[in-house]
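First the structure, which I've put down as structure tokens, then a few questions once you've had a look.
Note that the chains take the letters A, B, C and D in the order they are written out, and that residue 1 is the start of every chain.
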Amino acid sequence: MKANPRDVNSGTYYMDGDVAAGYGALAAGCRFIGGYPITPSTEAAETFARIAPKAGAVFIQMEDELGSIASIMGASWSGVKTMTITSGPGYSLMMEAIGLGAMIEAPFVILNIQRGGPSTGVPTKTGQADMMQARWGSHGDYEVIAIAPDSPQELFDYTIKAFNLAEKYRCPVMIMSDECVGHMSEKVVIPPAEEIEIEPRRFYNGPKEKYLPFKPDKDLVPKMVKAGDGYNLYITGLIHDERGYPIKNQIEKGKSQKLPTRRLVDKIRLNADKIIELAEEGMDDAEVVVVSYGISYRVAIRGIEIARGKGIKVGHLRLITVWPFPDKKINELASKVKAFVVPEINYGQVVFEVERCSHGQANVVLVPHGGAGVHDPDDIAEAIEYAAKEKKKIRKVIEWKTRLEKFVFEGGYKLNK
Amino acid sequence: MNPIITAFTNGIKKSGLELSKVVVVSDIPFEPEVIKEIGVDFFHVTRGRAIAFGTGLKLGNPDLKIVAFIGDLMTLGGNHLVHSGRRNMEMLVICVNNFVYKEIAGTLAPSVSPGFSAFSTFERPFNAPHLANSCGAIYTARWTAMHTNELANSIANALDKRGFSVIEVLAPGPNFYKDINQVNYELLDFYYKNSVTKNNVDTRNVEITSEEKIVTGEFTDKEKSPFIDTYNAQLGKILGDKFIPLGGQSGRD
Amino acid sequence: MGTLKKAEKDIHPMDDLLRMDRIPHIWCPGCGIGTAVTAFAAGLAKAEIDLKKTCIVSGIGCTGRVAGYVKLDSFHTTHGRGIAFATGIQVANPDLKVIVFSGDGDLISIGGNHFIHAARRNVNMLVICINNFIYAMTGGQVAPTTPLATYATTSPFGCVEPPFNIPYLADSSGAVYVARWTALHVRRLTNSIAEALKKPGFSVIEVISPCAMYYSRINRLGDGLDMMKFYHDNTEIRHGEDTKNLDIGFQTKITVGKFVDRERPTYMDSYNKWLSGTKKD
Amino acid sequence: MKTNSKAVMTGTHILIGNEACIEGAFYAGCRFLAAYPIEPAIETIERYLKRSADVGATFIQMEDEISALAAVIGASWTGKKSLTVTSGPGFSNMMEHLGLGVMLETPCVIIDVQRAGPALGIPNRVGQADMMQARWGSHGDYEVITLAPSSPQEMFDFTIKAFNFSEKYRTPVIVISDEYVAHKKEKVIIPLADGIKITPRRYFKGQKDKYLPFKRDKDFVPRMVDIGEGFKFHVTGLTHDDKGYPIMLEECQEYNVHPILWKIRNHVDEIIEFQETGTEDAEIVIVYYGATSEVALKAIKQARDLGIKVGGLKLDVVWPFPDKKIAELAEKVKAFVVPEINYGQIVSEVERCSYGNANVVFLSHGEKGIDNADDLVSAIKLALKEEKIKKGIIEYQNQAGRA
């Protein structure tokens, strides 16, 4: 299906990432955003509020993030595409509802423009420290899809892709961007509507009385209907069977009982190969591979340049989808290369996944950054150099001591001038 | 069956609404059979978020009629209640009040520890109709679960209105939140006998106290532009032809 | 306060009430928060309460920064949870007097639930709510206090939601002391704060404050001074007015005054009564 | 039965896990509980209320879990040891304030009685699927200490340990229990009041005007004072300096947040606790915690009877994770078997730390009932059969197969 021309403001623009995400949401067919202002994501909400009414879409500013996410799930089941926009603290408040979204299989998108944390942290500056939260933040077992765009253009493109994935797999899809990308102004090309591919909702077409809201198709994803179409829906956040009816309490002694929640994780795990999107460069003869995502990807490019200037063979693997994690790809690379270098704007999150998947075959070096800024490319280059030289297999994540750390803790940096 | 559900079923029938357009959002689990029998769509959501969820449903499809059951006596969901009242979001909220009020119930009260009831027993409960009224609800009422007919009429009246309506239902049960069918009939009867119906009284005067009888009745009944109308009017005024109003067929895919 | 020289700083009468090492503050020219903080400091001095046993909690936002400038035990917490945080402090140590100083978006929007519940419980605290009709820290989004048809960045075609009448909400939830002043009424605000500080129970003082950077700019209302002139010409003091008549529209008359002053047992009173009851059993 | 103080019920009792947990809290000196009732943690609140008048402890039922944890953090700054109890859905709501607790470096304890999830799940059925959430649930970088008790006695002991850790490292500590342990009724021995060492709060003792709320000692832990003592301190959830004043610079972010992680990461050896059963000669090691402990011991016995050399590693402290111990074992053993009542959480940590030296077999335990060891024994057999080291986790599935 192609996008509706009414929703697509085609043209070439100079805009920041948040604004591009707002345009992307509308182009993807989003009809409802429930949001709550939080720096640095507000521009996306403001953009949508401005352009939505002309396309029959609505923006409502809810009383809090708990309300925002509950409202978009309701709107999703009323038959429209929905999104909410937030940043770290708001994202933390949404955690309970993300579980509900996974459970009632409501397709929706969360745009998280990450900032420096924890707690209130540094609201106006960047961070990438919600990555593990995206995967593990709600209680119970569930799987999500998370995408990390690296430019305003990608915030447009991947917002559309996020909606498409949400509709296809009926699960929460997170766009894990960050303040740097969100507030970066660059050229954004919005293509004509006929060039934008839109995944329609998987509506059920059979006889009404035969509809089972949680009966999966072959790819483990069930079909949906709209509330108010006479299907007499019973949808619950309790663990339910195919009809949607809650499953009664304890397992009877001696009887085997598989919970239907298993499908919620399987539908992503078994389709992981179809979902995962990676970009790689210079991998053929690489000794060291830099694994990066989001804004760190763009900083790492410079770091790799410096390292290559010193004659080191470096490959660059970019995680466009961070979750589900590309286990196989990392494992495969690990058997070929000496080490991975993972620059991320946190003190170690995705790097542990790289460590896990490398199965002790390659060293793993973390180049950390606490947030409120991006890496110094020299740090990345030096870490690559070290990784290429290190002959020992080191049984832990090697945390690279950055210039910033040295400056703050050893360089006599004075906070209270 | 639980008397509230009986009243609800009767109320919906009386209102003459098209049942397929009615969506019930609740944070109390209903028996699936009951929902099948009534013939509405049903969503059981996380605690306290029924009203917010209903807001999304309504704005996603303005043709729907939303009924939100909240079983936690506005604890977790208090914020959504006051703000939806302010917006005059078109929905009916049935607030099931299950608190166990020792003083009123006297010897009849089960010796329930405060942790069990929605509020610790020494805390003053909300005057729910007054709070709703002060936030802008266009219809407020209070009944005990034994007022089956009155409650059914009230539900029918509220469903007839366009705006945010709140009906408080007193239905004592030790842990109603867990199971809607746990009703203490003895206590319910006590509540019923100790209530007095006063329609149209000022909501300030309907606080539940240990000294006076519980005031039941329909308290507020006014007209106010519902959210979607205000939204369409304001944006239509500013944007003119460029605006695609909510609820118009053209606006929906 | 922003440009005090060192010599002047040393003799500033509020030196012991404000954290002078944090001055200059973050607020924009024409903002009313600074005035409210001055009134608060004066009120603290006037009330003659034990400042050692007084602490201040703020949430997030422009007003949320107040806690950082007041020289009491001060807490800058998460968005909307100032009252909940303060409830914990008060109940854990009832000897303390807690002031929650925050903005409309923080206290009424995201913190609305804690606001009504703390009022219902009648937890002993003073809530000072700066109402500037907009989210200023994040750049001018619509707030639950934004008057109908008023512009904000997330209501680019005019606000479509009726605003809260904060005194009415506080009153109907059970607050024992409710007043409203503007940033112009410094003396009356100071007196009101001093009075409310001594009052046991949940007290609310709403302070209407100009936001020259966003609210006035987006709606073309001039600068901070113009707003002060507007308050001067368009406010009416009506003590004891029924709280339900206190709605504020876009540039309509604003009724100010002390509206509610009543007695109700505080949370700790009821709690201790209940506790002594259980002890007997 | 003899009691030497009203707070400490010295003696031998028959208690359920939830009750034992509250006894532990009182023993550790906890005097403030803010909570919102939720299955299956309700008995904790009941027990607390029943005893609160005698102990002189305060309880407040807040309007939701968000405010419950906010109140607990506030109360902790008044000098009272504070506690909140919840289950999965409430725990999710607490995530934002877990971050605040970390940033304000406030000692407090959160009891999470896990139930089947996600969303509402099944309220009174056991689950172990909040394990990763405990570590990663809040936004931003932080480290937590998480203890997983497996019996009422451990509920008592670990709650005390949790309070001790929280005071020692000035951080929120999570006791992650589950419905099975919380409702299990067993003998609990409560020692004399001075029988277990209680870590006191690290108070600042210098001059009032010299107090800096985030000035760190050598072990990176700053010192605390109480509200109302006249220190006039300021603390904020924003990135801050030693004074607690916000500074929005990357240097300050590094200065503020990195030591928050170091104070845990540099002390992992002092924090981590585990129990080993027959690992000396083991070919297969079961890694387990909480509710699956009983069944793991049963399986070890059954497998040993069959002649399989099986050992067990019980994680008392789950976070920080015992990386070194697992890596060390991985070099000796053939495989790890990890039974969890979820679809794979801690098992991925075991995979990470085994560095390709041992196979990792995962069993989503519980399909045949929590105390049925059949699946686990079969999983052990599967692990034994596998000769080559596989890339990735091997999942044991019984005949029922995938859904």
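Just so it is clear, a contact is a pair of C-beta atoms (placed from the backbone, for glycine too) under 8 Å apart; a residue touches a chain by one contact, two chains touch by 3 or more.
Every value quoted in this text rests on a predicted model; they were computed, and no experiment measured them.
A.B. asks: Which neighbours do chain B and chain D have in common?
C.D. replies: Both chain B and chain D are touched by A, C, going by the contact rule given at the top.
A.B. asks: So which one's got more C-beta contacts, A-C or B-C?
C.D. replies: More C-beta contacts join the chains of B-C.
A.B. asks: Centre to centre, by mean C-alpha position, how many angstrom separate chain A and chain C?
C.D. replies: So the centroids are 38 Å from each other.
A.B. asks: Go ahead and note the Å separation of the Cα centroids belonging to chain B and chain C.
C.D. replies: Between these chains, centre-to-centre, one finds 31 Å.
A.B. asks: Could you state the distance in Å from the CA-based centre of chain A to that of chain B?
C.D. replies: One centre to the other, that is 37 Å.
A.B. asks: Compute the distance, rounded to whole Å, between the mean C-alpha positions of chain A and chain D.
C.D. replies: Computed from C-alpha means, the inter-chain centre distance equals 28 Å.
A.B. asks: Using the touch definition from the top, which residues of chain B touch two or more other chains?
C.D. replies: Those would be 44, 46, 48, 75-76, 78-79, 82-83, 120, 123, 231, 235, 239.
A.B. asks: Which residue numbers or ranges of chain A touch two or more of the other chains?
C.D. replies: Only 53, 63-64, 66, 89, 96, 99-100, 104, 119-120, 236-238, 246 qualify.
A.B. asks: Could you list which residues of chain C touch at least two other chains?
C.D. replies: Within chain C, the residues that touch at least two other chains are 76, 78, 109-110, 112-113, 117, 144, 157, 267, 271.
A.B. asks: For the protein chains shown, what form does their contact graph take: line, ring, star, complete or other?
C.D. replies: Drawn as a graph, the chains make a fully connected set, so complete.
A.B. asks: Given the complex with chain C, which residues does chain D contribute to the contact?
C.D. replies: 31-32, 34, 52-53, 58, 60, 62-64, 66-68, 70-80, 82, 96-97, 100, 104, 227-238, 245-246
A.B. asks: Quick one: in the complex, what on chain A touches chain B?
C.D. replies: My answer: residues 4, 29, 31-32, 34, 53-58, 60, 62-64, 66-68, 70-80, 82, 96-97, 99-100, 104, 226-238, 243-246.
A.B. asks: Can you list the chain C residues touching chain D in their complex?
C.D. replies: It comes out as residues 19, 22, 52-53, 55, 57, 67-68, 71-78, 81, 83-89, 91-93, 95-96, 113-114, 117, 267, 271, 275, 278-279.
A.B. asks: If we count contacts the way the header does, which residues on chain A are in touch with chain C in the complex?
C.D. replies: 35-39, 42, 45-46, 49-50, 53, 59, 61, 63-65, 89, 119-120
A.B. asks: Looking at the complex, which residues from chain D come into contact with chain B?
C.D. replies: 36-37, 39, 42, 45-46, 49-50, 59-61, 63-64, 89, 119-120, 123
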